[in-house]
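In the part that follows, the structures are each spelled out as structure tokens.
Both complexes shown next keep chain A, but they swap its partner, so chain B is in the first and chain C is in the second.
Take a look at the complex of A and B:
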């Protein structure tokens, strides 16, 4: 046998054929597929013991208990806690992905200053001390007539009390709250009657909601859904929202005329708003007269009714005038409101004169609502200094000259005040689950440094817990197991502090009776007059912009809040939610304007223009544009820094009722 | 020679079969000894009388403790009990300096897999042996074998490179298709999100 080239090739051919009958090619195929999923730059989960830790979600006011599955002390997933009535195991998508936020692409990790030089934005890093010095310099030179303002988006906290104290020590310091916070109707009820109020949704048999997304991001979702089977829900709003679709009755109403319906109801219930007959209500609001009479009859017959008008997180709050009316309605019926809770100290930023803020210090917390920047900007003096204490570059940070980043969610000890739908006062701690990044500064401690009053937040929180312990009132619910322990059973305040730090919440006991106050004739008259004034002021449309723009947002995804980029699956891939900058119009409106579903259009208001994607939806009233302001592309870290206008940017603030309805024009792009 | 071409071809064929079935598995895996010798047999045998769950704890919450932490070992071996060399190494190298033992986990699933021991043990009533074989009866710890390409443990693929096992009473391998086929066999959900949360 001769060995030559031919033999070698025959041998190689045999080997190649033989290889197909071995595991080599098939196994390498599988292995290389796995190998491509394990590139060195792909973040790896830590190895370590799998443990469970408990905390409380601080991303919105809902105060949901959270269970974190940790691997080697690193939270790798968050879920709700089923053992407590506080959330019944529910957690919204934003909360489920909350542990991603410390690693958000728009996370600020070190303080920096942003300046405009020759039309270009220049960014220079600096230390927290240098940032404090720069602010102090500006405070010392604050012109007469300008103030230093601390903007608190989450009032009712111990931190809020600290801010109020510190504001008094800053040059012409003011403490203001977010233009929109959940619990607006109850807050108005308190201010009218002087008695703290809380709602007992579990005991309600009828809920009339004015534009509040009760079933889609309001209050504590788990608690609302647990009570849902027991109450009838009437949803009053201009579009067929998710809550309206799931309500027992949806009452479409022209945008901005909700107060007319409330006046009609008050007239039928108390006779106070004479002249507001169902027919007049129909002519103003579009609500059929028989529907007005029907809702009034249901409110009258209800044993425990609730009227809630907190508005959509992206839609803007109702004005104080309108809220007086909704509060009066709660007093005029057999209400499911308790004389309970904690007094809410709110001072909306609208109360400040325009162009009066010299230095604005924006706290890191988010109200959960998407406040358009223009609402705040109109209060700023020319060349005002905006300081963002948020851990993110976006939100208010997008407009800030100085960013002094706070620790992100789960990175530092935080507090959780009473949820807006809680039946009684509550308090919880959100213990940190991961260490804060170096360079992060607690906002209250930073502002305290500016005011020359050293404050340590954890010390102040501990004092609060000591005070709770001293009262001996209420009970503590441990998230692990749901065990309930009366406060008086904690021998020392340290025991209570430790329990809260391991994942627990304190809650006040429920009062025996309901809200006893009945509306006085004077209160009713004042509410009616102010609402009529409000209605008279609104409703004037600009002929050049004949459409009515109303905005919506998914709670805790717009404004100062950021969401995990992974949540894009909910609104970019699955279309379970409309993406930011989409505008829904009625088929008649689309036909009239020659706009097609999926087409691009330009939405114009008095404040600017913005490109939008058209959604044709019969659930929107004709003549109305319903636009989504959150989550925005900014909030997922996809937009360039200081990118173009968003719908939130072009909403026009309107006196004391910011951006609820804006005159707009829509044309094909 | 008349058939020399066929002989060369089949020689190549045979050589490749031998390389593929005998040589390749040896080349593919990199063996690493465990940091410490450990006998499951001694611990679960009559003398110690322990059960799997005494060390591999399933907590009341449903979470699985996995490989026991050092404190479990230190509970008995804070001071020498048997005087063996492995025990001395355990005490000197780990218990006294309070350093966790860096065990190499044979059955570790990749990071993108969520696996609940509680569901499989409590709800499906599976025995440990069904997935882990006779590991609990072994007298020594075999070396950890890591796939040089994928980085996975050999146990994920299975002990046999052909993935064919004959009447061994358990599944050989812990790949996704092993999970899926078992789920289908038992008529339980095999949706993506069941494991890839």
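Take a look at the complex of A and C:
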């Protein structure tokens, strides 16, 4: 037989065809598939004993109880605690991935100083002692007329009390709180009547919400959703938010004219605010006259109504003038508000004179809101020193000269005060589940060092628990099992301390009785006059910036807060949530401005410009730009990055009502 | 309440009923799913097309303009088809199988060749391809779920009704000397996390289970019923427009505006 080239090819072809009838290629395919799932760089899974531990979420003011599944000392997942009425087993997406925050790429691990040298930013590491010395040097040379300010992001804590004491010991020290949106209506009720107020949402049959994201980052989600089946929800706001979409009735209103609707309601309910007929309300706010009458009738008929006007975490609170009116509405109806034992102590930063802060010490906590930096910056004296005590480089850290990082979430013992929607006073500890990184400093302890007054937070918390024990009031709910124990049944304060450290919360019993009698004519008159003043002052549009910019944020994702990189699932790998710096406009507005969905544009206000991604959304009122303050796609999980303007930077705070509506212009990038 | 399958017990047909009138699009289910199943954060270049979201909540709209405009959210994951399972039929590697004991459509990454026939075949766009090796920021790998192996580049993955939890529940039943799983021990992560309690999970063949009862509600429907794939995910809504859009061939494409 001749063995030529042709035979060789025939043999090769025959072998290849024949091999298909043997297991060899399939085996190779199979094995290669297995090999590719077994590379050495595949992350190693944690091994160890699996246990269940408890803590409380401190990422926003909602105070959700947390159950952690731990492998050794490492939480590998967090869930809510079903056994407590506080959260009914719910955590928000931010809280569900909160155990990732200690490993966030924007985590500040060691203190450092950021300085501008020849127009360039230079960063130098330093120790906490050196940082304290640098601040002390500045404090010693504080110019006359400038103050040292401690900015508390989460008032109502034991830490807040420590801050207040320490402020008095610092040179011209002041204690202030960052703008708080949640709890604004109740705080106003307290200031009008002198009685601290709480709301019993579980007992409400009607809730009228003015621009408050009741179902999307307000109050304790589990408590709100558990009550939701029992109350009818009327949502008043200029765009179809998640809350508006899920409300029983959505009432669109021109931005900044919510008070007109409230005046109309007050007029129909009490006769105060004369002249604010439904027709007038319609002409000012765009709310149809029949809707005004309908809401008033519903409020009148309700057995336990709530009017909540806390505003949006990114849109800011309503002005105190408007708040008086919303608070008065609660007094004018049969309300689900009742007295509460805990007064709210806030001293808003707005109360400080502009350009008066020489040294600003920013707290590590997050109010949950996306406060624009400009709200704070206008209070800073030229060349003021900003110190961020946050565990992250972003938030206030973006603007700080000195960063002295605090332990991250779950790394140190923390405390949780009464949640904004809690029906009664509450308190919980957030015991640590992960060892803190060396170099992290507890903010209150650091500031105490500056004030020359050593403080240990855990000791102060223990004293607080001893005081709770001494009152013998209230009850403790253990997260494991939901067992409820009256405080008086704890024989010693140590027993109570241990219970709280294992995962439990203390709560006061529901106070009996109505909140207050009907509002006095004087109170109503004052509320009406101040709201009218406010309405008259607003509404002037700048012809060069004809659009109305309103901003929104999803709680605990903006401002001083950071989110787990896993939240990219919502912002980047799906289109569930609009990332920061997106601007939603109505299709008519987009057509007029020749802007397309997904296109780039420049948003300009009197305070500056910011690049935005356009979202065309028929749920936004024509002529309005609804922009998101929050994490941008490239900032959620990316490497540390500072600078770049964000929507928050170009919002114009105005007097006492920060940034709710800003005149703006949009043009194609 | 009755109990369900384990070794030698009667077979189950696990399914879900998702109330679209309760879902507010918070995304907790998406995050909980990713935590449970060790799905990594997005790669820098990932998009809604190339990202991995075993559970994806789609935002849909009624198409009307302001102020009649309305939106709804539709959580979509593997629909766990019961008949003519398209992905099973096309997989050349037998990397996709329907477990007769649970009715769960299982995906075995170790067998997957990465040909993506199953992705093309899936009418619900519920399968995701690993375009990149998974990466977690330094340190975060310590927080991975020890029960679920991460998948590497080149394989397809999808919702498996939190298989790790099913095995844990089975092990717990076995340790307690029970043949059957206690339904309370087997609840997928998205179900557990949903703050509005929009998702109900259970054995659709167990008439006493809440899921089986809700699936029979007149408000219940399934996606693309005309294909005859007999999905085990049911949806509930009392809003006709939501039902209409959800039944469209690709609700994912029905976006705002």
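A few comments on the model shown:
Note that in this section the second predicted complex is superposed on the first by the 613 of 669 C-alpha atoms of A that agree within 3 Å, B and C clash if a C-alpha of one lies under 4 Å from a C-alpha of the other, contacts with A are read in each partner's own complex, and residues count from 1 in each chain.
Heads up, the rule we're going with is that a residue touches a chain if its C-beta (ideal position, glycine included) is under 8 Å from a C-beta of that chain, and two chains touch if they have at least 3 such contacts.
Worth saying up front: this structure is predicted, and the values here are computed from it rather than measured.
Once the two complexes are laid over each other on the shared chain, residue contacts for A:23 go to chain B alone; chain C is not touched. In the superposition on chain A, A:44 makes contact with both chain B and chain C. When both complexes are overlaid on chain A, the residue A:609 reaches neither chain B nor chain C. By the touch criterion defined above, A:458 reaches neither chain B nor chain C.
Between chain B and chain C, more residues of chain A are touched by C. In the overlay built on the shared chain, the residue A:77 is in contact with chain B and with chain C. Contacts of A:34 after superposition on the shared chain: both chain B and chain C are touched.
By the touch criterion defined above, A:569 lies against chain C but remains apart from chain B after alignment on the C-alpha atoms of chain A. In the superposed pair of complexes, A:619 makes contact with chain C only, with no contact to chain B. 30, 34, 37, 44-45, 50, 77 are the residues of chain A that lie in the contact sets of both chain B and chain C, per the superposition on chain A.
Within the complex, the chain A residues that touch chain C are 29-30, 33-34, 36-37, 39, 41-47, 50, 71, 74-80, 89-93, 96-97, 99-100, 102-105, 215-216, 221-222, 225, 228, 240, 242-243, 245-246, 250, 252, 564-570, 572-577, 586-587, 597, 615-622, 634, 636-638. Residues 24-28, 30-32, 34-36, 38-39, 41-42, 44, 46-48, 50-53, 56-59, 61, 64-67, 69-73, 93, 95, 109-114, 133-134, 136-146, 149-155, 189, 192-193, 195-197, 255-257 of chain C are the ones that touch chain A when the two sit in their complex.
Every residue of chain A that touches chain B in the complex is listed here, in rising order: 1-2, 6-8, 10-19, 21-24, 27-28, 30-32, 34-35, 37-38, 44-45, 49-52, 69, 77, 480.
Chain B meets chain A in the complex at residues 1, 4-5, 7-17, 19-21, 24-25, 28, 59, 61, 63-66, 69, 110-112, 114, 147, 149-152, 157, 161-162, 197.
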